[in-house]
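Both complexes below contain subunit A, partnered by subunit B and then by subunit C.
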Partner chain A sequence: MLIIFAIDALEYTLVEEFNCNNLKQKFYGKTNIREFSEPKTMVLWSSFMTGKNMEKEIVAKGDREMWNTRLDFNDTFFKQFKNPKIIDLPGFNYIKEQHEMERKLLKEYFDAKDEEGKKKVRTAYNNLSFEHHRKIKQEFSEALKGDYDFVLGYFSVADVIGHLNFGNRTMMKMIYRDLDEIAGTIKEPYIVLSDHGMEAVGIFGDHSNYGFWSTGFKDLGSPRITDFAGMIKGLSDVKL
Partner chain B sequence: MSEGYGTIKIPKELLGKIEERIQGTEFKSVDEYTTFVLEEVVKEDGEEEIEEVFSEEDEKKVKERLRALGYLD
Partner chain C sequence: MNNEKLKFVIVGHVDHGKSTLIGRLLYDTNSLPEGRLEEIKQLCESLGKDIEFGYVMDHLEEERDQGITIDTAQTFFNTEKRDYVIIDAPGHVEFVKNMISGASQAEAAVLIVDAEEGIKEQTKRHAYILGMLGLSQVIAVINKMDLAGYGRERFESVKKDLLDFLSNINIRPSCVIPISAKNGDFIAGRTGNMDWYKGPTLLEALDTFRTKESANNKPLRYVVQDVYSFDKRIIAGRVESGMIRKGDKIRVLPSGEETKVKSVEEYLKNVTEAEAGKSTGITTEDKLFIDRGNVIVGLDDLPAVTNRIKANVFWMDRMPFKKGESLRFRCATQEVNCEIEKISRVINSSTLELIAEDADEIKNREVASIIIKTDRPVVVENFNRMEELGRFVLGREDTCAGGIITEMVC
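On to the complex of A and B.
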C-alpha cells in the first residue's frame, strides 16, 4: 500500500520550526508551483492528480463553479491502482457541503461589523473545521487498516484554520503537532504533500508560492506538483 | 497516575474555563491542554512566542487575497 498524506497549506518553514519529524521523514523539500499564476487549491490538486497544468481549465469555470470540479477517475493517476481509496480530495470527491459552509463563514467573518461579531464567527469557523478534521482523521485511520493498494487522505485544517489564525502560533503549533502525530501512526511508506504553504499577514494567512513534500525512501529534489502523477506508481513498490 | 506524571492543583473556576476552551479543539483533556500551554511558557531556551494581533489593514489585505484565490465572492 502507498499512502499520500495530503495536507492543504502545510508550510515548509513551520514543519521545520516545530520540528515535525514524522511530517519531514528522511527526505523533504519544497514543491515548485511557479508555473501557476495563483496558488489556488482547486487548480493545484486537480493538476496533481491529472499530471498536467489544469489552471486554464479550472479558472475558466469562474470562482464559484470552480469548487464544483469533479474530475473523472479515468483522467487521474488513481486509475493505475486496483483498489484506491481517496478521502475528501478537492477536484475529485471532496465534501462540498462542508467546504461551502467554511467559505460561507469566512465571508461572514469579513462582513461582521464589530469585534464581538468577528470573534463569534471565528469561533464557529474554527469549530467547524476542527470537527471536520476529526472525521477525516477517523476515516483516514480506518482506511489505513483496509485492503487498499493506495490511500490518499486530504486534510484541510491547516489551510482553513490558517486563513484566520496563522498569526496565532499556539493554535498553529497545536495543529502541526496533531498532523505530525497522524503521520506517526502510518506504518506503510507514505508521501506527505501540500498544494502550497502559508505566509502570515498579521494574524491572518495567505497562500505561499511553494508546497511541501516528504518521503522516507527517496529524495525527490524539487518536483513540480504535476510530476507526482508520473512517479507515484513506481514509488508504490518501495518497502520500508 | 501514569509513571512520569505528577499532579498539580488549579482553582476550580480555572478548570471550568479550560474545559470550555478545549471544546471543539484537538485537545482531548484538560491535562493535555495544560501540559501544552505550560510547555510553551516554560521554554528552556528562552525563545519568545510572538502572537500577532488583529489589524484592519491586514484584514483588508487578506480579504483581497482570499478573493483572488476564489474563497470569497
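On to the complex of A and C.
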C-alpha cells in the first residue's frame, strides 16, 4: 500500500519549528510551485493528480465554479491502482457542502461589523473545521486498515484554521502536532504533500508560494507538484 | 506562608515531559491565569484528544511574545510553604548557557526522565552540568508512568540506571518520584495509581529544599559596570554579594587602591546602603581610576587577582577549540583576551568517558579541565566559594563555552 498524507497549507517552517518528526520523515523539503501565477488550492491539487499544469483550465471556470471541479478518475494517476481510496480531495471528490460552508463563514467573518460578531463567526468557523477534521481523521484511520493499494487522505484543517488563526501559535502548534501524530500512526511507506504553505498576515494566514513534501525512502530534491503523478507511478511498481 | 522564594529548573531529555510537568504544576497549584486552561482544553477536545498540559506553556509563552505578560522567562507558583520560580530553559543550548553563565540563578533542579525511554543523552548532559555547578538540591522524577502501566518494576529499573549514572557525577537526588504529569500522579497529590510508592509528592519534596543563604551575608563584591561624570563622578555597578554602605572602607581591584564610600546613589531616593542583587551607583572619597570590569571589595576576605586559572569548561560551539586560538574571557563585567594554556582532560559529557589527557582540542558538548592564561589580571574566585566571580564564559563572536573556576594557579 502507498499512502499520500495530503495536507492543505502545511507550512515548511512550522513543521521545522514544531519539530514534527513524523511529518518530516527522513527526507523533506519544499515543492516548487513557481510555474503557477497564484498558489490556488484547486489548481494545485488538480495539477498534482493529473501530472500537468491545470491552472489555465481551472481558473477559466471562474472563482465560484472552480470549486465544483470533479476530474475524471481516468484523467488522474489514481487509475493505475487496482483499489485506491481517495478521501476528500479538492478537484476529485471533496465534500462540497463542507467546504462551501467554510468559505461562507469566512466571508461572513470579514463582513461582520463588530468584534462580537467576528468572534461568534470565528468560533462557528473553527468548530466546523475541527469537526470535519475529526471525521476525516477517522475515515483515514479506517482506510489505513482497509484492503487498498493506495490511500490518499486530504486534510484541510491547517489551511482552514490557518486563514483565520495563523497568528495563534498555540492553536497552530496543536494542529501541527495532531497532524504529526496522525503521520505517526501510518505503518506503510507514505508521502506527505502539501499544495502550498502559509504565511502570516497579522493574525490571519495567506498561502505561501511553495509547498511541502517528505518521504521516508527517497530524497526528492525540489520537485514540482506535477512531478508526483509520474513519480508515484514509478513507486507503485517498486517494493518500498 | 513567608516571603521565601525558591528558584529551580526542570531539566531532562527533549519530549520527556518538561512542558507538561510545568503546565501540571501550574494547574495543580491554581497558578494559571483565568480561562487559559479552558482554551487549551477546548482546543484539545476540538482535535478529539484529552487535555495536554504541555500546551499551557506554549500559551503563556505566546502571551509573553505578544507582551501580554511582562516576565520573559520565569513562571511562578506557590505552595503553602513558599513561592516558587521555575526558570525556563527553552532549549538545550540555552539551558547550558543560562546555567553556566549564572543567568538562571537556580537553587534546585528537577531532573525528569521518561519511564518508557529511560535515561537519554540529554538527561546525562543536563545532569552533568548540574553536577559541575555543584547544584546539590536535586529531585529526580520518572515521568509517563501511566504509559508504563504504573508498574513498579519499570520504575525501579529506570531509577537504578539513573542513580548509577548520577553517583558517578556526585549527584544524590533527595528522592526519585514516579509521576504522571499528564494525569497528575504524585505532583501535588496522590491518586491511588501507584500505591506501592510511599515517598513524597513532587511538591512535598520541593518544600524540603532550602533557599540559598542570603548573598547579603557574604563578603562585598561590587562589580563596576560604568563610570559617569555629572556634577559628581558616579560609579555604576551591581552588588553581587554583601552590602555596600556609606562610609565603608573599600578596595578597588585589580589595582588594589583603597578609599571610602562617600555616598550610595539611587535615582530620586536618599539611601545610604545597597544590598546584594541591587544595581546602584556610588561615589568615593578619593578620585581613583576606576573602570568597567573593576571589582570593589571590602578590606577583608579578598578574591584572587591573577592571570592564570584552573577551570572546568563545557564547550558548546560546533566549531571545536584548537590550542593556540585566542578567546575572550568574560567574568562578571570583566572582559579580557585569553589563551588556553593546557587542556588537562577532555570528557564526553554524556558517557563520562575520558576522551583525552593533555589534549589539543575540545569539541562541541565536551567538558574539559583546563588552565586559562589571561592577558591581564582578572578578579576571580573559586566557584564553590563565590559563584558570582567563579563562573565565566569564553567567546569568539558569540559565546562558545561556559565554565567554573576550580583553582587559582600561581
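To be clear about the criterion, the second predicted complex is superposed on the first by the 236 of 240 C-alpha atoms of A that agree within 3 Å, B and C clash if a C-alpha of one lies under 4 Å from a C-alpha of the other, contacts with A are read in each partner's own complex, and residues count from 1 in each chain.
One rule holds for everything that comes next: contacts are C-beta pairs under 8 Å (C-beta built on N, C-alpha and C of every residue); 3 or more make two chains touch, one makes a residue touch a chain.
These numbers come from a predicted model, not from an experiment.
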| item | value |
| --- | --- |
| Joint occupancy of subunit A by subunit B and subunit C, clash or fit | clash |
| Which superposed partner A:Ser141 touches (first subunit B, second subunit C, both, neither) | neither |
| Subunit B versus subunit C as contact partner of A:Phe130, first or second or both or neither | both |
| Partner chain(s) touched by A:Ile203 [first = subunit B, second = subunit C, both, neither] | first |
| Comparison of subunit B and subunit C by subunit A residues contacted | B |
| Which of subunit B and subunit C A:Leu106 touches, first, second, both or neither | first |
| Subunit B versus subunit C as contact partner of A:Arg64, first or second or both or neither | first |
| Touching partner for A:Ile175 - first (subunit B), second (subunit C), both, neither | both |
| When the two complexes are fitted on chain A, the stretch of subunit C hitting subunit B, from 43-51, 133-141 or 223-231 | 43-51 |
| Shared subunit A surface residues [contacts with subunit B and with subunit C] | 126-127, 130, 133-134, 168-170, 173-175, 178 |
| Touching residues (chain side subunit C, partner subunit A) in the complex | 40, 43-44, 46-49, 52, 55, 58-59, 62, 65 |
| Sites on subunit A touched by subunit C in the complex | 126-127, 130, 133-134, 137, 168-171, 173-175, 178 |
| Contact footprint of subunit B on subunit A as seen in their complex | 38-42, 63-64, 66-67, 103, 106-107, 110, 115, 123, 126-127, 130-131, 133-134, 163, 166-170, 173-175, 178, 200-207 |
| Subunit B residues within the subunit A interface of the complex | 23-27, 36-37, 40, 49-55, 57-59, 61-63, 65-66, 68-73 |
